[in-house]
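Below you'll find a set of structures to go through.
Below, chain A partners chain B and then partners chain C, in two separate complexes.
And now, the complex of A and B:
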């Protein structure tokens, strides 16, 4: 395990988490004895989320990052592995425990156009979490909903509107207010800004970091936007085809990405300085289909530093520094020497 | 200010999309008002026989003429509507309540529960509606309540199937998942989040099935399994008038037209609702 920060244990831990989706197998295929094929959306992922911090999970579309987010909230069941919330497995929680967990762990969804019930007024949407847990009287809940509306930069007049009457940025603020209603400990945000205009993105991100300060929130930030990651997160986990290939503190990762995939990913960030030469070290080709991932290291067909062993061996995540892990054969040798403690 | 504009836009949308819904709704409303109040203004009782004027053509005294017993046809058509509308509303109401509940449960839970609910529905659907209704009324009895229940039995699987389909569409919406992540109970998810967003196609179906219920009631009465004489029923009047078609065509034309108008009203309403509710379902933009 990577070294614990501030001495406190992780708030949320994924341990060996996998999610495989069976493919629709035809009757004919199963009669022929064909093996049921699966998509390995998430494969043996372990990570820790520390209280008060922001962990960013980055990856291309299809890398399994959204599925990982859904697993962390028990919105889907894993094929293998556990998610520990304060050392308790959320998948074996009973009704009451699960209710308590759902109270503390909220979600902000990607698409503010699809994530709000079109037949509910905004005030109701924000009040609903309070209704579910029967917090206080009806009037108190309404008052809190109005307060939350103002806290996220809307007015209490918006409470009477339907989501279709709001702009995308306003809708996402409603989603944030609803997530905040129960004062949760942890919020998992699944690409909260990806469908917003750039200027609105910035406002939303600022709001999210203000709220983190004020309410001491823990974020898991699922995104493909590396610019957002750099400014927003404390630690980053990079996913490729269902696996974490590198995990590091944000500064260390941006200063010196270790995994070749992370390196090519970073070289694709547009530079603010137009005179600087860009090393367009882009990955070759399209990401392979998750239906039929390459053998060994999934990245090897596109890797600029590929070696012969890469197609045969699945590199495990190895510690390469303080709170740093990377899954690449290039680091296999060094990692074996002054190891802290590999997973 | 913005609310006024939104309201105006919504009104405009209604006007444009719903000429047919408006027309259909008006027809139904007028029919309901006229038939509900018929005993207040009608000079005749539906069973009163005018022995001086059997098989009379339309006159000042009998606006739509009389039948072979000298009963006033207009009065009997209006009383007949009462039975038709009662059967339509009763069977659709009952079918809607049961069918929507079953379809919602089947679509929401899926898997085993889906099969337990929907396979018997498939069996019911396999019978032609008229055969099922004839069998039920033939076995159980010929009261109006039996007829209502028989038509409702035909309708339950139809509503269940439409509701299940639109539930399947809505159940995977992000806002449903979001509410689940917040800890909403199954009941809350179904009633607050899925039902209001999945009900539109069912309501469209309901108004069309109202028209079909009127036809079914007429057909049953026509073959003698529905309303019994001397009660006035549009189907029964058609059947009685058949033997006098040569001498007194108004005996069949009046109830026939009456059935057509009511069915037309419900179908216009259904078609209009379809135009109206579909774009609105996509967020009203």
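And now, the complex of A and C:
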């Protein structure tokens, strides 16, 4: 929050970002003159990430949150829109600029089993980014790798181990050390603790907190775990079928979620408190296929507060409070709505 | 009265030339109409208990001690034919991945009907009618059409509903659910858990053994809970007492390591060290190397699970 108030611009911003995946090779279809079918994984997302803060992106499967994370790092190209890193569009960066950006922006992935090269020793995995960027001498790079290992709570002895010899929690520490090697400004963490047991998850979250404090890191945390979000993030963006439906400071969001989807999502979380049992009946239906999203507000077929206009109008994100935005017709001024008859 | 009685169960895995205990001397009873949670982290033996009860252990595993009784049937002594009869009729199981239970080559209708005809004396028309009713009960829209669909045509949540329909088709006395919602989104998880609760427990009087690592799920749906660590039950009791007054240091640490409940920032409580592997189980209390309250005796003596005044059971010398 402080960054917005003291006037510093965002470190990373998405502007009207969309990513559509074509479904089939559509040569035949295009010869027939048919329109190619696409999945709109991310649709017109705009978002600001402030230095030193943690932005959480939450949503269920198919919400587009991981695709958004990949777009923010230029690991995939958008169908439309821009990502600005310090006001420069990362998709039009030249080779040298891109190389500089990639040092500053790193990723941590969910599955430490899949994301580490099984045939490389841990020391080499951590050193590799330094090798690529030709940082110092070989001996200096090795020293830095050992230092990083210790920083993430492992020992120099682990440098000679292969990933298969480590536990899940240790592998995730290796992934974190490798992401830190080039002293980045921003780390995108895609479900970094989802495959870990709760006690190991706690250790990993504590480590990520310490690193953020020590290195003034900026995090984008992609997760479906709202406990982690509440504990860890400064701001939250909630996604549903490719769109952001609500964005708010974490405390404000948890105190009073505004979008009916956010409310449904929160009510479905199994709280570890048997005296506060949730209303299991509340969420109705399945998330629709991203192939064939409902018209208007994508959530309207499942929404407990649906109105007639919801199937016709795509509600834009509108400010509803300090640093809060929500995309729901309930928050439109009544005068803005076309006349609808009650159902 | 109990539906399922597990007595001193010990299950071992063969690895590196010797037998290692994955489950050590575990006892509990499952009552009609209750959901009993078995909770613990990876490697604590909770799923091994499920597979031991179902007698579905892999070739490199064996039950080396104890008994499992389903009513008056000793499952540990039953032969394959008897087990085949019991599985799907009196004893059912659903898995984390519903595709474990579904055959991708056959329509969903075929699979539900097959189970019904295997165990119940129903003709084709009656089995089909019952299959339809089951699909409706588990909330499959357009059940009539969906009967002819193949498993790949269903989402993860819908597949789990079908697996559940098959599991409950013969109104089993005991349902074992091994991480049934772990692979599902939270809104779908809520629906499936609600369904299990309503169909099995409230209407059927079935006992459900719910195996999960998710303490939130335990708090929301279980009546009683057994907390497991390194192959043993360390604490057992009513879900309210376990969450409001956890006695075992491991249970306490587990609950404290959860990120939520308004604990904003600040360090989460850690359990130092890590879960011991099967071939490296500590002597005495298996939690002692990680326990903040460990004393000399904890290294030597394994504390038994003892009942305390309120009915809660705990295996820890702090409460001797």
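In this text, the second predicted complex is superposed on the first by the 312 of 343 C-alpha atoms of A that agree within 3 Å, B and C clash if a C-alpha of one lies under 4 Å from a C-alpha of the other, contacts with A are read in each partner's own complex, and residues count from 1 in each chain.
In this text, a contact is a pair of C-beta atoms (placed from the backbone, for glycine too) under 8 Å apart; a residue touches a chain by one contact, two chains touch by 3 or more.
Note that the structure is a prediction, hence the values are computed from the model and not measured.
Student: Quick check on the superposition: with chain A as the shared anchor, is it clash or fit for chain B versus chain C?
Tutor: Overlaying the two complexes on chain A (C-alpha atoms) leaves chain C and chain B fitting together cleanly.
Student: Identify which of chain B and chain C touches the larger number of residues of chain A.
Tutor: On the superposition, C touches more of the residues of chain A.
Student: After superposition on the shared chain, which partner residues are touched by A:197: those of chain B (first), chain C (second), both, or neither?
Tutor: The second partner, chain C, only.
Student: So after the superposition, what angle do chain B and chain C open up at chain A's Cα centre, nearest 10 degrees?
Tutor: So the C-alpha centres give an angle of 80 degrees.
Student: What is the contact status of A:297 with respect to chain B (first) and chain C (second): first, second, both, or neither?
Tutor: neither
Student: Is A:17 contacted by the first partner chain B, the second partner chain C, both or neither?
Tutor: neither
Student: Once the shared chain is lined up, is A:61 touching chain B (first), chain C (second), both, or neither of them?
Tutor: Only chain C is touched by A:61; chain B is not.
Student: Which partner does A:99 contact after superposing on A: first (chain B), second (chain C), both, neither?
Tutor: first
Student: With both complexes overlaid on chain A, does A:224 touch chain B (first), chain C (second), both or neither?
Tutor: A:224 contacts chain C only, not chain B.
Student: Is A:268 touching anything from chain B or chain C once the two structures are fitted on A? First, second, both or neither.
Tutor: second
Student: Quick one: smallest Cα-Cα gap between chain B and chain C in the superposed arrangement, Å?
Tutor: It comes out at 8 Å between the closest C-alpha atoms.
Student: Can you tell me which positions in chain A touch chain B when the two form their complex?
Tutor: 73, 75, 98-99, 102-103, 105-107, 109-111, 113-120, 128-129, 132-133, 162-165, 175, 178, 182
Student: If we count contacts the way the header does, which residues on chain B are in touch with chain A in the complex?
Tutor: 2, 6, 173-175, 177-185, 188, 192-193, 196-197, 281, 283-285
Student: In their shared complex, at which residues does chain A touch chain C?
Tutor: 60-61, 167-169, 197-203, 205-206, 209, 224, 226-228, 230-232, 251, 264-265, 267-275, 277-278, 280-283, 286-287
Student: Spell out the residues on chain C that touch chain A in their complex, using ranges where they run on.
Tutor: It is residues 41-42, 155, 157-158, 185-191, 193-194, 197, 213-222, 239-240, 243-244, 253-255, 257-265, 267-271, 274-275 of chain C that touch chain A.
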